[in-house]
Structures are given as structure tokens and as C-alpha cells.
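Accompanying notes for the structure given below.
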Amino acid sequence: MVLFTDFGLLGPYTGQVKAVLQSAAPSVPVIDLFADAPMRNPRSAAYLLAAYALWFPAGTVLLSVVDPGVGGDRAPVIVEADGRWYVGPENGLFEIVMRRAEAAGMAVRSWEIERQPDAPLSASFHGRDLFAPAAARVALGATPPAAAVQEPRPPGAGRRTDWPDDLPEIVYVDHYGNAMTGLRAAALAAEAVFETPGGCRLTRARTFSDVPPGAAFWYENSNGLAEIAVNDGRADAALGLAVGSPVRIV
Amino acid sequence: MVLFTDFGLLGPYTGQVKAVLQSAAPSVPVIDLFADAPMRNPRSAAYLLAAYALWFPAGTVLLSVVDPGVGGDRAPVIVEADGRWYVGPENGLFEIVMRRAEAAGMAVRSWEIERQPDAPLSASFHGRDLFAPAAARVALGATPPAAAVQEPRPPGAGRRTDWPDDLPEIVYVDHYGNAMTGLRAAALAAEAVFETPGGCRLTRARTFSDVPPGAAFWYENSNGLAEIAVNDGRADAALGLAVGSPVRIV
Amino acid sequence: MVLFTDFGLLGPYTGQVKAVLQSAAPSVPVIDLFADAPMRNPRSAAYLLAAYALWFPAGTVLLSVVDPGVGGDRAPVIVEADGRWYVGPENGLFEIVMRRAEAAGMAVRSWEIERQPDAPLSASFHGRDLFAPAAARVALGATPPAAAVQEPRPPGAGRRTDWPDDLPEIVYVDHYGNAMTGLRAAALAAEAVFETPGGCRLTRARTFSDVPPGAAFWYENSNGLAEIAVNDGRADAALGLAVGSPVRIV
């Protein structure tokens, strides 16, 4: 079980989710992948999730919650795509995973999670009360539709067809200040030049140690995303980058 | 085993505590509930702990350490209350848990942890050297008084009878900027209005998606506390709230 | 398995490392010791690691990665010192561990990790792709040289003989604002006085509760380092201390 959320780690949210998982599926190891996915921002998170989910083997369950509309009318869903299982809100978070799996000719299916009649459901924490129990059921093998609590979603439900296949924006700034874009590096020319909002132009390098200390560059990160970095420095501070900053390929 | 501390997660404190627990009780799963409980503030932490401990099943051991007086003369204790076990400093941190259990007619008992003669005891990290080993013993079933290293505490020892039953202050600001009070929402009228120190008046809502983006409100959070929030925003920044900020019910 | 890195916990790095460890060595418990070791600073980190590694039992494997030169030509190594195993970059991070083990007359050996021919190796994340698999092999008992993928390092390779035995600088600022030096307290006189860069002079105390609230002091922390602290306050803010700040013994 892999967690991809904007819950943070210090406070109660990830802990309570893990307590539910521990109780329902004690034999399933849990990996914290992202607890700082773009906060309340399913669109940016969708490109990050699609890049990082691929690294995990087929059959992995990704409990994925970036859910600013919790308590509202977006459907809670289980998605099967690219051989993996995704559990979370139908708010676009799984759009890019689904689209790329479809483009590769792989099966993509989706079911609505129905509330368990005997389980309490808070208005603000479906990660704990709805998504974690469903993810535990899937991890234990009760995949839909055998798990009777789910209904198939109608085709096209909740899709975001207007979102691009790759996103020329910063989608994540890591702990070191490196700024990941929503662009897959494999789709970019080796000589592509990135222009930041502040007008800096960046060429491609292989990795940090290939440029001088303090130099800014872009490179293919360890999960295939085009990432802007500064050797021995913070790209976010040096170049004024944050989640949502546009990047232009010139 | 549930951890409720102000130790943080990045540095060595939680890791060393978990190494002790892993060594002494390898079969006991450990859940990080709060690693950012109100720092050096057992009073605010007491209301937070009482709200979040209730969510765990009877028999749960909560290793709870917010201990600004470490190395001084506060007693290290094991408390039995509401069917759960609490291990930590007798500095008021367990006052609200104990008081509410007593009010519900449940047994409340307390024992002093005695230092193990052969174990090293640092002057500044009783969480690792004293509380974690004691919590591991309790989790493995060696509950007091069978565990001979504990003495019963005299009635009333370390109690904080001057603290209110509910605290009209912010006791925790979460990762999203939501500000939890020490007030149980169930005890408040549906039409109660909160006034912040800055003079903002807030009415009750069911959850985030029931108010417009940017609107501030209060609601019953997923653990029963009255919490101040802003839909799609940060209540702490928007309303100038931090741990200790008073809230007035008008 | 103990993790000592500058990877942070929120983002993908520690999670992907743990996924590798979980897959390769599922029976080996993993402890997060430091995920905020001095960022890109193997020299400061070396003194911190040497103080905290000693606390773990012989045979412990410490996956230790502070690696600003990732992708460059520093060797990836497995080090045996003081009866423990260290896996990470040969950039000085293990200098102090090795030196102190040698001074104590204990065996110190070092092997270069060779890339597994069938495993992908990113240019920027050797923690995941090279060090974690090697650490898992060691934790499972395939210690060098039996594990054929490692070559012994030549004597003296990568050593930093110019670094002092103890470092009179701040090497870590913890979650509370306490500032650890790279000095072992046991080597200092009880009456030693520390002078900070701002000219404050600090005397020794046993622990926090032995000085008045707001008072600054130094003390032997729970792992033997001389640490500068303020009772009920933040030493980093009060005294202007950060990693790298020099401390003078007067």
C-alpha cells in the first residue's frame, strides 16, 4: 500500500489513516510516498502521481487523497489503471494515470465506493473513514466488482479532457528546492531550453555534478519528470519557482 | 502503540523511541498520531490528547510525551483511564483524559514509573530512556501493579483541578492551517458564534464544501473538536490564529 | 536498518528507499534516525553520525546518505567500523566513525559497491538505486567480501585526515531549536565556557530544569554531544545559531 496525499506527517491525518490500515490489513506494508502532494490541488497532483506511480509494481494499491471538495458531491472511487489500483476522490487526481493507461491500450475501469452502512463517516475526513477502508479491502484482494460495495462509474464520469497530456508548470518543489515540472523528459528534445517566469533560460544536464556549483539547469529526474535544479543550491529560491509557476519551452 | 509527542519526526527523537520500542516489543505496531503536539505546552496538549485518544480502541497504549520539565521533579507515570493506557510525564498532560473518564464513572488509576536499575537514564530524554521502555512493557501485557517497577500514585497527585473542562483556546493548528480549539463541538449550540481575537465572528457549518471558497467558519472536526477553518484557505493566516489564541463564544 | 539522510520525509525520497528495502528485505525493521541530517554537508553530518550511530547495537546497518556529489566520481561504499555497517557515499561522511573506531583499535574496512548489471541506475538518486539495495543485502547477511559485487577500497581512499577529531561548530539544530555541536562533552572540562559568534558566554548545566526559564546553557545531550540550549526557548533564534556556526571554548 502506497500513500499519496497532502495530509502531512506530523499531525493526526496520516496517523489515523495508518491506524485504519493497520487494523483492517495488518499484513500489508505501508509506504509513505508523498504526504506533501500539491495541497488542495488535484490538477498538479495528477501529473506527479502519474510519474511516481509507474515506479511501483503491478498490483500496487495507491491510496491517493488530495481532496479539497471533501464532504461535497465528487464521487469516491476505486480506479484500475495500468495494472495498479487507485483509491481516492474523483476530482481529476486520476485523470493523467487513466489517460496514459488508455493511450497504452491498457484496461481502465472505475467504481464508486459506497459507504459501509455500519461505519461512521465524518464530513471532513473521508481519507480515514471511506478511502482507507476501501484501500484495505482492495489490498486484501477484494477487488471490484466482487466487493459488493462498489458500483461501476459511467464512462467519462469525472474526466478532465481539457487538461493537457503534459503540464508545462511546476507541480512539486522538493525538500532541496528542486522544482519538478509536469513534463515527461523523454518527450523533450535534448536541446530543449526552459524559460522560467523570471526570464531565466536553462539548458539540459545529466545530473547535478555535471554543472558548476550554483548553476541552474534542467534534467530528467529519477522518475522521468523534467526538473529544474541548482547544483548545491535551491532552485525554488534562486529562480522564484513554486507549484503552479509556468515553464516555457523555447 | 500510539505516539503523541512534540518530538518532531525528522530528527533523532522519534527514531530513537521507535528503536527502543522495536527492540523491546517488536510485535507491537506503532502509529505516529501527533509528533507536533503543542511544543512544551502540556495544558493545550491535554485537550488535544483527550479528543484524539478516544478514537482508539480500549486497551490502546498511548506513549504521550510533552515534557518541558524533563530532568526535574515531575513524576513519570502510567495512567489507566477510559480503558486505555497512557505513559508519560505527570505534568497535567493526562488531566483531561482522567477527568472525563472519572466523569463517565470509569476507573482511573495512576502509577509512578521507577527507573530500571540496570538501564542508563539521560537527563534530557526520558521519552527514550524511561517512557518508551515502560510503554513497551505495558503493550506486552505487564500492566501495573504486576510490573513491579511501578508504585501507585497518591490520590490527586499532579492533578490540575483549576483547568476548565473545555478550553476556549486554539490548541492545535494543522498542516492546512485549520485551528482546533479545546472545545468539544457536541457541547456547543448549533447557532453558537465564535469570535476570534481579531474580532471576526464565525458561524457553524457542516464542512468545507458547504461554504464558498475563502469563507471562514467553525465546524465539528472528525474527532469532535470545534475547529476554525477557511474553505480553500488557511485559517491561521487569514484570522491570525496560533496555539494559545483565545476564542470567545458570543 | 537505520536511515541517516538529508532526504526529508514528506516527499518521495525516503518513501522510495523504504519501498526498495521492503521489497528486498521485508523482515528487516527500518528506523528513521535522521531525515534532516545537514543538507548537502557531509562534514557536519560526519560528527552527528558518529555520535548517534554508537547508540545502536553492534551489527546494525546504517544506510547513510548525504551526497551532494551524486552522479559524480565519489565512490559508493560499504564501511565496517566499530562493529556496525555503514552504506553510502565515500565523501567524508564516514570519516569520523572510521577514525574513532581505529583509535579504539577496532577493525575498519571498506568496499566499493559495484552496480548490479541488471538494475537501473538513475543519475541523481543513488540512495534508491544503489545504496538501498546494497544495505538490504548487508542486512540480510551478505556482508562483503562474500557479496561479490564489492571491491575492497585501497587504504586511505577518500579519507579526510585534515578534519579535526571534534568539531567546534554547530552540526545540527533540532526541532526545539537546540543546537548540537560536533564536540563530545566527555572530552570537555566541567567548567568549560562556550562563546557563541554573537559573544554570548555559556556555562554548563546538567539539563533544562536546572536553569531558569529563558536561560541559555550548554550540556551533554542524550547522545554525548555538547549541545547549546535555552530552557523553555529556542537557542537557535535566541543566540543566532545555525549549522556551521563556530563555537569557541574559552
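The chains carry the letters A, B and C, assigned in the order they are written, with residues numbered from 1 in each.
The rule we apply is simple: a residue touches a chain if its C-beta (ideal position, glycine included) is under 8 Å from a C-beta of that chain, and two chains touch if they have at least 3 such contacts.
These figures come from a predicted structure and were not determined experimentally.
> Classify the inter-chain contact topology: is it line, ring, star, complete, or other?
Per interface graph, the chains form a complete graph.
> Taking all residue numbers at the subunit B/subunit C interface, are over half used by both copies (same) or under half (different)?
different
> Superimpose the Cα atoms of subunit A on the matching ones in subunit B and note the rotation angle, 0 to 180, in steps of 5 degrees.
Angle of rotation between the two copies: 120 degrees.
> I'd like to verify one number: the distance from the centre of subunit B to the centre of subunit C, where each centre is the average of its C-alpha atoms, in whole angstrom.
31
> Could you list the positions in subunit C whose residues touch two or more of the other chains?
In subunit C, the residues touching two or more other chains are 8-9.
> For subunit B, which residues count as touching subunit C in their complex?
It is residues 6-16, 18-19, 22, 26, 39-40, 68-73, 122-125, 128-129 of subunit B that touch subunit C.
> In the complex formed with subunit B, which residues of subunit C make contact?
Going through subunit C, the ones touching subunit B are 2, 8-9, 29, 31-36, 52, 55-56, 172, 174-176, 206-210, 219-223, 232.
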